[in-house]
Amino acid sequence: MSTVRTNTFKKSIMHVGEMASGAKLTVPVYSFKSGKNNAPSVYVQANMHGAEVQGNAVIFQLLELLKSADIQADITFVPYANPVACNHKNGEYTLGRFDPITGVNWNRMYHFDEAVIAPFAEQYLHANEADICADFKKLLLNEIEEKLDDHIWGLTTGQRIAYQLQRLAHQADLVLDLHTGPISSKHLYCPEYAQESASFFDIEHTILIPNGFDGAMDEATFCPWWSLQQAFKGLGRNFVMGEGAFAKESFTVELGSQEQIDLEVAKEDATSILSYLQHKGVIVSADKSLQTYLPKEMTRYACYLKDYKALYSPMGGMVDYLAEFGKPLSAGEPLVRILRMDNYGVSEGANEEGEQDHNSEPLHYVSLDHTVLPILHFASASVNQGTELYKVFSKYFEL
Amino acid sequence: MSTVRTNTFKKSIMHVGEMASGAKLTVPVYSFKSGKNNAPSVYVQANMHGAEVQGNAVIFQLLELLKSADIQADITFVPYANPVACNHKNGEYTLGRFDPITGVNWNRMYHFDEAVIAPFAEQYLHANEADICADFKKLLLNEIEEKLDDHIWGLTTGQRIAYQLQRLAHQADLVLDLHTGPISSKHLYCPEYAQESASFFDIEHTILIPNGFDGAMDEATFCPWWSLQQAFKGLGRNFVMGEGAFAKESFTVELGSQEQIDLEVAKEDATSILSYLQHKGVIVSADKSLQTYLPKEMTRYACYLKDYKALYSPMGGMVDYLAEFGKPLSAGEPLVRILRMDNYGVSEGANEEGEQDHNSEPLHYVSLDHTVLPILHFASASVNQGTELYKVFSKYFEL
Amino acid sequence: MSTVRTNTFKKSIMHVGEMASGAKLTVPVYSFKSGKNNAPSVYVQANMHGAEVQGNAVIFQLLELLKSADIQADITFVPYANPVACNHKNGEYTLGRFDPITGVNWNRMYHFDEAVIAPFAEQYLHANEADICADFKKLLLNEIEEKLDDHIWGLTTGQRIAYQLQRLAHQADLVLDLHTGPISSKHLYCPEYAQESASFFDIEHTILIPNGFDGAMDEATFCPWWSLQQAFKGLGRNFVMGEGAFAKESFTVELGSQEQIDLEVAKEDATSILSYLQHKGVIVSADKSLQTYLPKEMTRYACYLKDYKALYSPMGGMVDYLAEFGKPLSAGEPLVRILRMDNYGVSEGANEEGEQDHNSEPLHYVSLDHTVLPILHFASASVNQGTELYKVFSKYFEL
Amino acid sequence: MSTVRTNTFKKSIMHVGEMASGAKLTVPVYSFKSGKNNAPSVYVQANMHGAEVQGNAVIFQLLELLKSADIQADITFVPYANPVACNHKNGEYTLGRFDPITGVNWNRMYHFDEAVIAPFAEQYLHANEADICADFKKLLLNEIEEKLDDHIWGLTTGQRIAYQLQRLAHQADLVLDLHTGPISSKHLYCPEYAQESASFFDIEHTILIPNGFDGAMDEATFCPWWSLQQAFKGLGRNFVMGEGAFAKESFTVELGSQEQIDLEVAKEDATSILSYLQHKGVIVSADKSLQTYLPKEMTRYACYLKDYKALYSPMGGMVDYLAEFGKPLSAGEPLVRILRMDNYGVSEGANEEGEQDHNSEPLHYVSLDHTVLPILHFASASVNQGTELYKVFSKYFEL
C-alpha cells in the first residue's frame, strides 16, 4: 500500500541586484533535495525575458505534480528569473527581451570562456570519468564565482543576474530554460547530440543547435561539456555526449506565445516536461499509485539552426498574418498580406512625389520560393521595413 | 439595366506635423464628393491610437465596397490618423495610447469650448433652422481655425493633429472614430440621444454616453450640438437631437483587439458600418444590382457610461483571464486567476519579512458581488497592483 | 552650556503597491515626534516624478542639519515617494513623469472632492476654530481612508501610491513637495494667499497659484482649506488663510534640473527650507549654539499661474537653447535657434516635393513679442513640432 | 586678387526604409564633386545614434566653412543618418542607441566578411597598387550591393540603413562618424595605425583601436583594408597602412554630451575636422584669402582600447558624479558618491529584513586602486546595480 507523498520544495530568496531606490531585486528559488543520487539533477528556470511568463505557470504545475512523485534527484526551480525584465512595462506590454538601458538581450549574457577547455583536457587526459565530471563542474563554478567576485570594475546588471542563475544551473545535469515566442507555436531548442531526448517532450518542432556559444543559458550549460568532449576527442580519448560524465543536456523550451498565462495549458506543458524527466529517471513510477508520464504520439519535425530562418518585411505596413503554425506552406503561398492604405488609389497614377512606385498597391503579398514550416510570427500587425515577420523551418525532417 | 459604378475617392495628403529630423507627418485623406445633398455627410477616421490598427483595414474594405454603391452624400475617410502614434514602437508593440513625451492620451486633445454655446443660442433664438445649422458649423470651424492659427505660444503635437482631424469631422454630419480595445469584444460608444442608431451596427454591446466633454473625438463632434440644443431648450425653443439641423451623430466604434489586422473581419465591420449608413440614406439600393446592407439580428445590450466599470487588480501578479466577453458573469464567479509564484509554499509559514501575509497563496481569484457583462481585458498577463484588469457592464439592459 | 542635540528620526517602511513579480513597492518614511505642539507640523516628500531626484538629496541634508536643531513640531520626510517611477528606465533616462502603462501624470492623482466643503461649512458655521480644524482634518483623512478601503473596483497603481502619501500629508500643517523641472532654474509654486512665505525660500521665482484643484499634491493639501475658508466667507464667517485653524501652506519646490544629484547644492536647498521652517517656528535657535537660518537677500519675482506660459515649437528640429534662465528676455530676442539640416541649401529652390517651403532655412529663430523671464526648457535638443520648448514668466512682478 | 568661392554641395535624398504607416525614412545627402583627384575623398556622417545630435550642427558648420574653401577631393556629408533613432522619443529623451524593437545597437550592424580577404590577397599578390585599390573597393561595394539586393529573406531595419550608409562610406578614403557620449568630454576612436592623424584634431583624448571588427562604421571601413594589408604581409608583400592604396582612415569622433545642440561649439569642432582635412590635403590654403586650419596646441593622451574601461555601479542608488573629465584621478579618490536614502539611520541597527547589511550607509563612495583619466559618465543620477557609471582611461600615455 502506497503512502501519500508530499515532497516539499524548500523556498529561498536569491538577491540578484538593486534598483536606483535601493529596492532589492530578488528571485524565488524552490529546491528539492532528494538525498539520492540515482538520476541526473535538474534545473528549470522561467521568465528570463520579461514578457515570457507562461513558464512561471508551468513551474507552478510542476511543483503541484511533483508533490506526489517519487523523485530520485535534486531539482531546482526558478520562476521570475529576471525581476528587472519581468516588471518593466512600456504601455500595456512588458518590455522584457533586453535591458531597457543598454538594449542587450537578457539571454545573451551568460558566461563561457572557451580558453579553459584545452588546458583542462590536457591535464585530465588520463583522469577517471568521475574526476573529470566533478572537477570540470568545479572549474565552471569557479569561473562564475570569480566573475561574481569582481570588485574592481563590477558587472553589468544583466551579468549579475545571469551569473547567479548560471551558478545554480551548472550544479545540475539537465537544464530547462522556459521561454516563449512572440506569437508562436511550441518549439524546442535542443543540442544536436541530444536529438533523441526531444521526442520525450510533447512538442512538435525542434531546432537542433550546434556547439556554438552565443550567450544563451542553454548554450552556456551544454557548450562547455560538448567542447570538452571534442577536446578529449582531439587528444584521442572518446566520450559519448549525453552519457556518463557527459550526461548533460540543456534545452530552451518555447512554450507558445508571450504575454499570456494559461494554467490549463501549463499543466499540459508540465506533464510534457515530466515525461522527459521520467525518461531520464528523475522521477520513477514503480509504485502503481503514482502517475506515469509518457510522451504523446505525434509527428515531430526537426530543423538545423542554420535552416531556421527569419523573414524580414520587405516594406513597412500593417500585416494580416496568414500562414498557420506547424502546417507546411507551399512555395508561392502567402505568409502575410500587408496593408498599405497610403497606396490606395495611387497605383493608377503617380505618387505624391511625382514618381511611379512599383509597390504602390494597397495590398502586398509575401511568399517564399520553397516549402517552409512556419513556427512563429511577430507580435504586432504594425511593422517597419525590416521587421521580422515570421520564423520558419526552411528545411526540415521528421525526428 | 444597371451600369457598373466605379466611385472614385480622391486622395490627398494632409500635413499634420514634423519630427525632429524635419520628417513631415502626413495623413492620407480619401474623399468622395457626391454632388448631391440628399443625405448626411460622413467622416470616418481610424488609428488615432497607434496600436488600434484594424480600422485601417475597415476603411480599406469600405473603399472597396463603396466603389459600386449609390452614394448620396459626401464621405471622407482618414486612415492612419495619427502618424506619430502609429509608428511608435517600444519593443515589439506599438506604444500608441499617449504622446510618448508627455503621456497625454491622443484621444483627449480635441477642442470644445462650452462658453460659445449660450451666446450663440441667444443670438439665434429666432433664426431659421438652416441658418442655425450653417452658422453653428461655421462657428465650430472658426474655433478650430483660430486654434490652428495661434502663432504665438503654439500648439502641442497632439493638438495640431487633433484639430486638423476635427476640422474635417466638423464638416460632416455623421462621425465614426474607429478604435479597438486592448483584448476586447466589439463595442460601441453612442450618445444617449442616438441610441436607436446603435441597432444598425452589428455590434452587441453599446455604451451610452452623456453630454460631457472629456476631449475625445466623438464628444468633440456631438457635444457642441447637444449643448446647443439644450441651450435652446432652456430658452424655450425645442429641437430634437438627431433630427433636422441637429441630425448629428458621432460614434466611437471599438472593433475588437489591438495590434491585429484581419481583412476578413474588416469586411464584416465595413458591412456593419454600411448598414448604418444605408439606414441614414447615405447609400441607397433602389437599383436591384446594388447590395443592400441590413443589420444582423442579434440581442444588443446597452450600458450607461457611469455603469461601465473598470476593475483594478487588487495585487501584483500574472493573470489568467477567465471571464469570456459578452457572457453574463454571475456574482462570485472569478474574472481572473492571479498567479503569485513567490507565494508558493509560503502560506504555511511566515514570509521573508517575518510577517504572515493574508494573501500569500500562489493562486488568487477575483470576483464581483453582482452579475456583470465582461467587455474587454488588459493586454498582458503581467499586472501591477492597480492595473486595470477588466472593463465590464456593471448594469445593462437590452437595447 | 548647550548640550549636543541628536534628534533621531524614526524610520518606517510604507507598502504602496506590488509589481507583477510580487515585488513589494515600499517607501521609507522618516518621522520625528517632537512631543511639543508649539509650531505647525511638517510633511516633506521627494521624487514623485521618477527623474526628479534632487529632493532625495535635500531630505538627506535636512536630516543631517536637523540632528542638532531645536525642533518644536512633528516632521515627516518621505524620499523616493514613488518607487515605480523612480526605478523605471527607458534607455539611460528615467521615464518618470507618468505611469508607463496609462500615461497618467503621477502628480495628478491626488484626491479632493469639492462636494464635502459646503455641508461641512454649514454644519460648523458656529463651531469653535479648534473643532473646525480638528474635524475638517479628520474628514479629509476619512475621505482618503475610504478611497484606500475600496475593495470592489480597486484603485489604480498611481492612486494607491498618491493616497498613501496624501494620508501622511493631511496630518501636517505645512507640506513641501520637492520636484525639479527638466532643465530648469529653481522656482516655487505657492498658493496666492501664502505669497509672503515665498520670501523665506532662497528661490528667485515664484508662481502664485489659485484655488483650483488639478490633482497635484500641493493643491490637494491646500485647496480643501482654502475652499472651506471661502465657503465660510460665503456664509458670513471670516477666517484668514494661513492663520489659526487655517494656518496651512503647501508648496511645490522645483529644485532645478532633473536626472541630477548634487549634495552640495542640496545642502543649500536644505538651508533654504530650514529658513522657511524657522520663520514658521518649527525650529528655533534661542540657544546660541544652534544655527540660525535666514533667507538670503535676493530680488524675488512672482508670476500668476495664468501668466506662466509654455512655448511650443513651431517646427520639428534640433534646438540650440539660447535664453538664460532668470534673465529678462526682450521682445524679439531669440529663445531658441532651431537647426534643420534637411533644409540646408534648399531655400534657394524648391524642396523635394516640388513645393517652395516658407520655413526652408537651415536655422530658424523663435522669439516672443514681449519681455519674458525664462524659467525652464525642454530636456533634449530634439523636438517635434509642438514639443514644449520653454516655460516663461510672461508677466511678472517683484515679490 | 582672389575671387570669392561659393562651393555648392548638391543635396539628394536617400530612402533608407519605411515605417508602418508607409512613411518613408529618408536621409539628406550633401555631396561635393571637386572634379579633382588630388587628395583623399571624404565621408562624414552624424546622428546614427538618436540622441547624439551635435554632429548635425558640426556638419552645418562644415558646410558653411567649406563654402569658401579650396577643395581638392570629393566630400559627402550625411546628417540625420538614422531617421528611426533620431525621431524616437521615450519621455523627453531620445531613445536612440538601439532599435527599439530588437535592442540591437544601431552602430553594430555594418558589414564586413573576413572571408573575402585571403582569396583577394592571393589573387592580387602581384597586381599593381592602383588595381588593388580599385578592385578591392569594388569588391567591398559589391558585397554591400548583394546584401541590399537580398529579396528572399530580407534585411533588418538597421541593416538596411547601415548598408546604405556604408555604400557611401566605402567610396571615400577618409571616414568620420560623428557621435557623442552620454555626459562626456570630447574623445576620438582612432585605428592604431593612424595614431599620427589623431594629433590634427582638437581633441585631447584618443582611444587606439585594433583590427577587430565589432560592427561599427569606423571598423567596417578600415578593418577590410587593414586585414588586406596584413594578408599581403603574410604572403610576403608589404604595404604601409595609411599610405598609397592603403591611405584609408576612419574615426569615430565623440563630440561631447548627447541631447545637446550648441552651434558655437559645433564651429570649433568643424574647425578641428578641417584641420585634419587640411593636413590630408583635402583643402588647401595656398591662396592667402583662404583660412588656414591648424590643430590647437594641447597635450593629447592616448589609451589602447583594452585599457578603456567601464566602471559598473556596485549598488543601486542615486549618483553624485564627482570625477572631472580629463583630469587624472588618483587611486582612492572617489569617482562617485552614491546616495541611498533608504539606508539612512539604518546602519546603527538591523535593516528591515532583520539582517545587518554591510553597505547600509546613506552615502557610499566608489574609487579605484590606480590613477585613471575619466572620460565620460552615465546620463542619469539614478542607477541600478550594474549600470555603467564612468568610462576611464585606465592606462594612458601622451600622444
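Each chain gets a letter, A, B, C and D, in the order it is written, and its residues are counted from 1.
Everything below uses one rule, namely that a contact is a pair of C-beta atoms (placed from the backbone, for glycine too) under 8 Å apart; a residue touches a chain by one contact, two chains touch by 3 or more.
What you are looking at is a predicted structure, and each value in this text was computed from that prediction instead of being measured.
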| item | value |
| --- | --- |
| Relative to chain D, chain with the most remote C-alpha centre | B |
| Averaged-CA centre spacing for the pair chain D and chain A, given as whole angstrom | 35 |
| Chain A and chain C: spacing of chain centres that average the CA atoms, whole Å | 47 |
| Chain A and chain B, separation of their C-alpha mean positions in angstrom | 40 |
| Chain C residues counted as touching two or more neighbouring chains | 19-23, 25, 80, 86-87, 89-92, 94, 97, 101, 318, 341-342, 352, 382, 384 |
| Chain contact graph, described as a line, ring, star, complete graph or other shape | complete |
| Of all residues in chain A, those that touch chain B in their complex | 8-9, 11, 13, 28, 30, 50-51, 53, 56-57, 59-60, 63, 79-80, 86-87, 89-97, 182, 259-263, 318-320, 337, 339, 341-342, 344-346, 352, 362-363, 378-382, 384 |
| Residues of chain B defined as touching chain D within the complex | 19-23, 25-26, 80, 83, 86-92, 94, 100-101, 352-354 |
| Interfacial residue positions of chain D with respect to chain A in the complex | 17-23, 25, 84, 90, 97-99, 101-105, 151-160, 309-318, 340-343, 368-369, 382-388 |
